[in-house]
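When the chains are written out, they are named A, B, C, D, E, F, G and H in that same order, and each has its own residue count from 1.
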Amino acid sequence: MNTEARQILEAVKSGSMSVDEALLTLKSDPFDDIGFAKVDIHRKLRQGVAEVIYGEGKTAQQITGIIDSMTASGQENILITRLDKDTAARIHRDIDYDDISRTATVGEYPEPDGIGKIVICTGGTCDIPVAEEAAVTAAFLGNDVRRIYDVGVAGLHRLLSCKRDIMSASVIIAIAGMEGALASVIGGLADCPVIAVPTSVGYGASFAGVTPLLGMLSSCAAGVSVVNIDNGFGAGYLASMINHVARRQ
Amino acid sequence: MNTEARQILEAVKSGSMSVDEALLTLKSDPFDDIGFAKVDIHRKLRQGVAEVIYGEGKTAQQITGIIDSMTASGQENILITRLDKDTAARIHRDIDYDDISRTATVGEYPEPDGIGKIVICTGGTCDIPVAEEAAVTAAFLGNDVRRIYDVGVAGLHRLLSCKRDIMSASVIIAIAGMEGALASVIGGLADCPVIAVPTSVGYGASFAGVTPLLGMLSSCAAGVSVVNIDNGFGAGYLASMINHVARRQ
Amino acid sequence: MNTEARQILEAVKSGSMSVDEALLTLKSDPFDDIGFAKVDIHRKLRQGVAEVIYGEGKTAQQITGIIDSMTASGQENILITRLDKDTAARIHRDIDYDDISRTATVGEYPEPDGIGKIVICTGGTCDIPVAEEAAVTAAFLGNDVRRIYDVGVAGLHRLLSCKRDIMSASVIIAIAGMEGALASVIGGLADCPVIAVPTSVGYGASFAGVTPLLGMLSSCAAGVSVVNIDNGFGAGYLASMINHVARRQ
Amino acid sequence: MNTEARQILEAVKSGSMSVDEALLTLKSDPFDDIGFAKVDIHRKLRQGVAEVIYGEGKTAQQITGIIDSMTASGQENILITRLDKDTAARIHRDIDYDDISRTATVGEYPEPDGIGKIVICTGGTCDIPVAEEAAVTAAFLGNDVRRIYDVGVAGLHRLLSCKRDIMSASVIIAIAGMEGALASVIGGLADCPVIAVPTSVGYGASFAGVTPLLGMLSSCAAGVSVVNIDNGFGAGYLASMINHVARRQ
Amino acid sequence: MNTEARQILEAVKSGSMSVDEALLTLKSDPFDDIGFAKVDIHRKLRQGVAEVIYGEGKTAQQITGIIDSMTASGQENILITRLDKDTAARIHRDIDYDDISRTATVGEYPEPDGIGKIVICTGGTCDIPVAEEAAVTAAFLGNDVRRIYDVGVAGLHRLLSCKRDIMSASVIIAIAGMEGALASVIGGLADCPVIAVPTSVGYGASFAGVTPLLGMLSSCAAGVSVVNIDNGFGAGYLASMINHVARRQ
Amino acid sequence: MNTEARQILEAVKSGSMSVDEALLTLKSDPFDDIGFAKVDIHRKLRQGVAEVIYGEGKTAQQITGIIDSMTASGQENILITRLDKDTAARIHRDIDYDDISRTATVGEYPEPDGIGKIVICTGGTCDIPVAEEAAVTAAFLGNDVRRIYDVGVAGLHRLLSCKRDIMSASVIIAIAGMEGALASVIGGLADCPVIAVPTSVGYGASFAGVTPLLGMLSSCAAGVSVVNIDNGFGAGYLASMINHVARRQ
Amino acid sequence: MNTEARQILEAVKSGSMSVDEALLTLKSDPFDDIGFAKVDIHRKLRQGVAEVIYGEGKTAQQITGIIDSMTASGQENILITRLDKDTAARIHRDIDYDDISRTATVGEYPEPDGIGKIVICTGGTCDIPVAEEAAVTAAFLGNDVRRIYDVGVAGLHRLLSCKRDIMSASVIIAIAGMEGALASVIGGLADCPVIAVPTSVGYGASFAGVTPLLGMLSSCAAGVSVVNIDNGFGAGYLASMINHVARRQ
Amino acid sequence: MNTEARQILEAVKSGSMSVDEALLTLKSDPFDDIGFAKVDIHRKLRQGVAEVIYGEGKTAQQITGIIDSMTASGQENILITRLDKDTAARIHRDIDYDDISRTATVGEYPEPDGIGKIVICTGGTCDIPVAEEAAVTAAFLGNDVRRIYDVGVAGLHRLLSCKRDIMSASVIIAIAGMEGALASVIGGLADCPVIAVPTSVGYGASFAGVTPLLGMLSSCAAGVSVVNIDNGFGAGYLASMINHVARRQ
């Protein structure tokens, strides 16, 4: 920013930019205020990735408005998460909706350009919707994704049979409900970053995801970090960041 | 009890026992009231095992009084748990004190007479005191005990190297703090009852044992049940019961 | 497993098995990967009991797929738990559905072959569905089951009238909501393992089963262990394991 | 109060009391402001019982000041609770200190004048300090107290042997830690009000009294109400109120 | 019971009762086992009050069965609580249903015969259903009830205007949600037992009644005890016990 | 009040008021008891603002009754909060209903007469309903309101672009769900009182508003205080009080 | 800031300021980086009040360093909170230490210049340290403070005797532990902003301040907001902000 | 591993390895069992980093034993965390102890060889010990570390003055107690992975780190993941993994 500021100041000094113009440029807000939302139209520049719309609690009309604002500012690839089927149906734009992950996308999936492969594991069948949210997110942000589902620790041989994938991953996303032990076991096997996602799958003492959340945070394996309950998007987004970490340097 | 009642009633009818005697016998309390405690002196008959004194919060004087009451009623084998070293030193009776498990015993350890072997596993080194409380309890109640310590799931190969012991156990006690995933993994490997003991080992989000407690309760493996945090005694006692279940039938 | 490994290695040495065959055998996964699930088809060998399908959160189509995979691998007795009536009706296979316990079974109930009797007690009428899940599970795994319902501690005489059954059980399952005191009282009366099942019956300060859960874990009676809230299946499964503990040795 | 107000107004009308005097009387504060505390000197009139000083967190000097203020206003019987031994030793007034209940009293214990007997039960030996706080309080407020200690539900016969006392009580105080099941069992046996006092005795999942607190609140027995954890005083005070309820009518 | 036992024993001795008869009598269960429930038919004798059916989670058919069992054993006055309107409509017996308190009664309300008056206060309008459950219960158990609703502490003058009723009550039931301060304020004004009932009225940080529950338990006023959240029945039942405490002596 | 009391006493003394009249005046309740509610009809005098009806859990009939009672006592401006659309439609009085804030008003909005401007910020789009409840409340109580929505801290430049409004506010209401960091950031930027309102927006570890609530309470910025989750009304009311604080002196 | 920015840009344009100087000015950090801390030296300008040092967890050396940095930048009035006596003794600067509130001050207390009076109430004697922290803070920030201690709601007449002070306050700080009902009662009496401070005074179910915290947040009285447990400083600081709100406009 | 298995099998086939040797090799445990611990001596091979000893709860003797076991197996670089000063002093080996981070190291720090720079930020001065644990860990694992301390969000300009470092980091570790808002703000500014570490710094409603933990998990900024409370080591270890992610591919 200082470079930019210096350029503006130099331009002012040289007279090629008026004081008012300079002031305006320094002040120009990198978002579009559409009343109910302030749409960030420079994020791709600032953070290197497509904008994401969190669909939960927004009306079809609001989401359409945000898509239009983005499209108008040149954003071609948009990911919408937590979008229920009914709302999706009322968005009259060119979106691809996937009802397992409850995501929609505008634009094409890019070619994978990350360092390696993102492996996504789930403890059970019921964790698949969260896993798919992570998978769609990671793929849409330019990553090669490998899905390994239903490998909970109660049948350890199922997990061990996938050991090769686990050992060769760039990043692993471990998704589990109940007691969430999957993250610890994978964390012990792998030598790459493991992003643990607790899910609300389970009942009674798993407290809608709180128990796997706490278990994953308390994991005895190093290299494990945790995102919010059911936050497949967050895991996919972070995994992509890690998988592209070298590119930015 | 009905048999006993019938015998008493028959004795009354035949005149070999007076009404008052019968009433007394029916009423006789199977405990010794020593003021601050009501010592159960028939438990061995009733439940088939030695009496146990829970030492926490009792003075050396109170514990001595309970030992004397038991000894007077013929109880030869007594286990005292949660006994700190200082209190133990002030009990002037013939006790064997073990300062890792914080237990003391009166009388000899019996020959093992259970169905099979009780295997006790811990996730880490810090769980050993709880494990030893379980081991002393199980051994004192007549069981063959096998200790496997520091086999937490973050280094799965350590646990897998003990798979033979795990596969051949009669009962397994899985003791772990932090996230407590050990119970799930052992539960998935073993085909015998697994008693999970959460420990207060860990920090932050393991909440002094609450997280492994909840994790163990939510375990995705069947055949796992849970006792209170750090309750090595309870696990050893229950394991012994299970290991002797056939004997009582 | 070492025996098996040794046999394979001996076969390789003798030339009766090729290296590739040996490798394949050592690697062969004892599960059937049907996409959304990895069906464990060797569990009966490995853990000695029928496979169980946890129905919650699975579609009729998914459950049907798992049943077919099991049947194909020779599994004749299958138990499905947490299955709601509507889903059950859409599974077009030969299942017996029970709508109190919300379980379904494929195949016949075996003759009881355990050590003794499994006694299942409930505190109230509302705990019966959980009790029936335990009862069906235990019976389907080859146990003689005795039901004693509505014997909560607020009317102690009801419980005491069943003392004979309690005293002669091989294992007892104590099921209660509200404050869950039933487990402590039965634990004090019985001299066999007691599996406590907290239920979500109650309101206000019983917090959907958390209060009986904590109460049962804190029980002053020895020999009591606890499974997850409303986990009738887990209790029945574990009770069966205990009731068959001698057979495996 | 209206009677009093009317009398004052009548006195003003008749001229036997000046407006200022009347105003003063209507406004006179029934407490003595001694800076750090506002000592209630009319409570005996207003609520019929002696004033009680809650000692916790007060210095010996502050407590001495409050005693003096009370004595000066004619209060002859004072109860001080939660008073540790060291603080008690630094109060240079004529007090009787009891170090089990951690209470001190000024003045004589009155003759019991309640409706019946207050029975105080504890689950274990460790609950005795709380029980003694209740017992001292009740006795000091004029009640006949019967102590029944160490009758926890894990040894039901100990409790049942005291059934006669329980059946004939006017009020029962049930004091227990761990899971607190004592309150439910007594509530089921007795037909008088039961005041449940959870104690912080226990460890792990009893959470310093929270579990017995919740268990007692969720009790399946009617006629049970609950006071704060370890609140022996509150239980004794309320029991006395109930035991004197007829006297006030 | 000893009297009864002695009489039976004397009868056996004299030959007027056979051993088998005696055994039967000693064993005879004071309840009617109707399969899904064990109906207590001697409670009126044992605890001096009508039997109460807790309707929550019971079907109309089950409730009808229990009513019939009670009626058959001579119970004329029955109270049913937590009964929703639809279930009530399907009970084809002679019941009076009240849809504010969600209670139904069989038989007539008795003449009040307690020591004094039971005063029931609520903090707000929304607490009225709980208050009515308490009021119906207390009235049906033979008490004179005075209702004072919507006197929350945020408008203290409303409460103070009822001070006369509060000062002259035999027992007070203080019902409030949100922060539950009503119990403390009434506890400070009154000199009779105060039964505090937290309600689930409120939102956010009142956590469906947990906050008033904890607040009432922590009340700085003596003489206050607490029942479960929304437990109007428990409060009314206990208030009646207290209001009749003298009668039983 | 003393002035009033003195005047009454003087009037009694002078004979211009009878004792009975005086008694009546001293006792006259400043509320209208309409059965299910005690309507405060003097609050405007006592607290200087319009009466507010909390609509949650009240029927249309009850709300209509309260409006009528207020109108009858001369209250012209009434605010009704937490009123759902259906209930609003059944209130046949002259009300203005706003379905975003779920509020209704009777009477006109006054001219703003506060010290300065109340600025209301939200972290996201989903917090707008709570913000509008605050905005309507503040405006109806006579304040100039400035809305700044969707300025969550994850896009700090959006918030910083409004720094001028924040720096010049009289009071700021910071409304946010999820982690609630908005309050800390605004608290650090502003030099006026900040009222933080946690919202139930978010999922998983935000626990329906508990996490932003705790975060706001723990804020490292001074000058921040907190109201209940989703309590837009409370924030607007308090902001108005602060914005009028000088007027009352 | 735009004004400042414009001036700098104009100066650059006119040549009176070099580009580098301008850049420096725009970048100049308003804090002093002393290694372990970044001391804010412009806060007085930015927020209009003295800087405050939070002493908890800082060494005497660190605090001394921060004082020196402030003094060097012209800050004459410094408040240090949460400072224990021992640390205070090791700060060799000219400070006034008060051991009840655990605060220290550098420089003189200013003349009160707020709108009105800040009234500080406590429920009990034990809340006084928190109250004094609030009082010292408010006084040091230029406010007239009135202390009213030990007026808990269990003795309502004590609080009502101070009604005049409460009615005439500019802001009230209500400090209470246990159930924290004081805030609701004062909130109902007063017509000015009430800042509620829960304290960790109490035991058992008051959970070290959590219960009064939740109670105060759930208060049924409008105009009440809450700060963190035991946060006397925060309350005093905010009260001062409110009491000076008019001055800043 | 399959390669290794194949090689062993080929060797068996060719006769160059005996069946027993092969069996042994397949079984050989990659750890050293020293009784109280099973020291992992192949981790460097398996996970590419030095072994770390978690010092908490281990005696000096135990730690010495583990160091010796590692040294014996050729491990030259050892990191010991959570080591208190006294224990460190009793370890008679060549260790470097740092008492701020409470870590010790054996061997030299390596040259940084990661992708970029790891930036470590703290909210306050009290978070420094956790930050130093992270910094030592990251540096010892071969990373270039940049420390930015005391930049909490309540003084946003302090954080913004470091924006350049934040924008250019490879990974950022954001460490904060109280409400933990630092993670969200940094997450919004940065375009690299942010590892959030909640600390137990704070009081009252920050609940020893629970509030910042939950806040960080609920962060509205993408790219943020969380480790356990005060887990500086975990953050440093994971940051190193991410900073080396490209190297392993």
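The rule is simple: a contact is a pair of C-beta atoms (placed from the backbone, for glycine too) under 8 Å apart; a residue touches a chain by one contact, two chains touch by 3 or more.
Keep in mind that this is a model prediction, so the values were computed, not measured.
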Chains touching both subunit D and subunit F, listed by label: E, G
Chain pair with the higher count of C-beta pairs in contact (E-G, B-E): E-G
Option reproducing the contacts of F-G, where over half of them reappear, out of A-B, B-C or D-F: B-C
Chain centre separation in whole Å, for subunit G relative to subunit D (CA means): 39
Multi-chain contact residues (two or more partners), subunit G: 2, 27, 155, 204-206, 213, 217-218, 222, 228
Inter-chain touch pairs (all): A-B, A-C, A-F, A-G, A-H, B-C, B-D, B-E, B-H, C-D, C-E, C-H, D-E, D-F, D-G, E-F, E-G, F-G, F-H, G-H
Residues on subunit G engaged by subunit F in the complex (per definition of touch): 1-2, 46-49, 52, 115-116, 163-164, 170-171, 191-193, 195, 213, 217-218, 222-228, 233-234, 237-238, 241-243, 245-246, 248-249
Contact footprint of subunit H on subunit C as seen in their complex: 2, 5-6, 9-10, 12-13, 15, 19, 22-23, 26-27
Interface residues, subunit A side, partner subunit F - complex: 27, 29-31, 36-38, 40, 43, 56-58, 62, 198, 200, 209, 213, 228-231
Subunit D contact footprint on subunit C (complex, rising order): 123-124, 152-156, 178-181, 184-185, 187-189, 202, 204-207, 210-212, 214-222
Contacting residues of subunit F [partner subunit A, same complex]: 125-126, 128, 149-151, 155, 157-158, 161, 201, 203-206
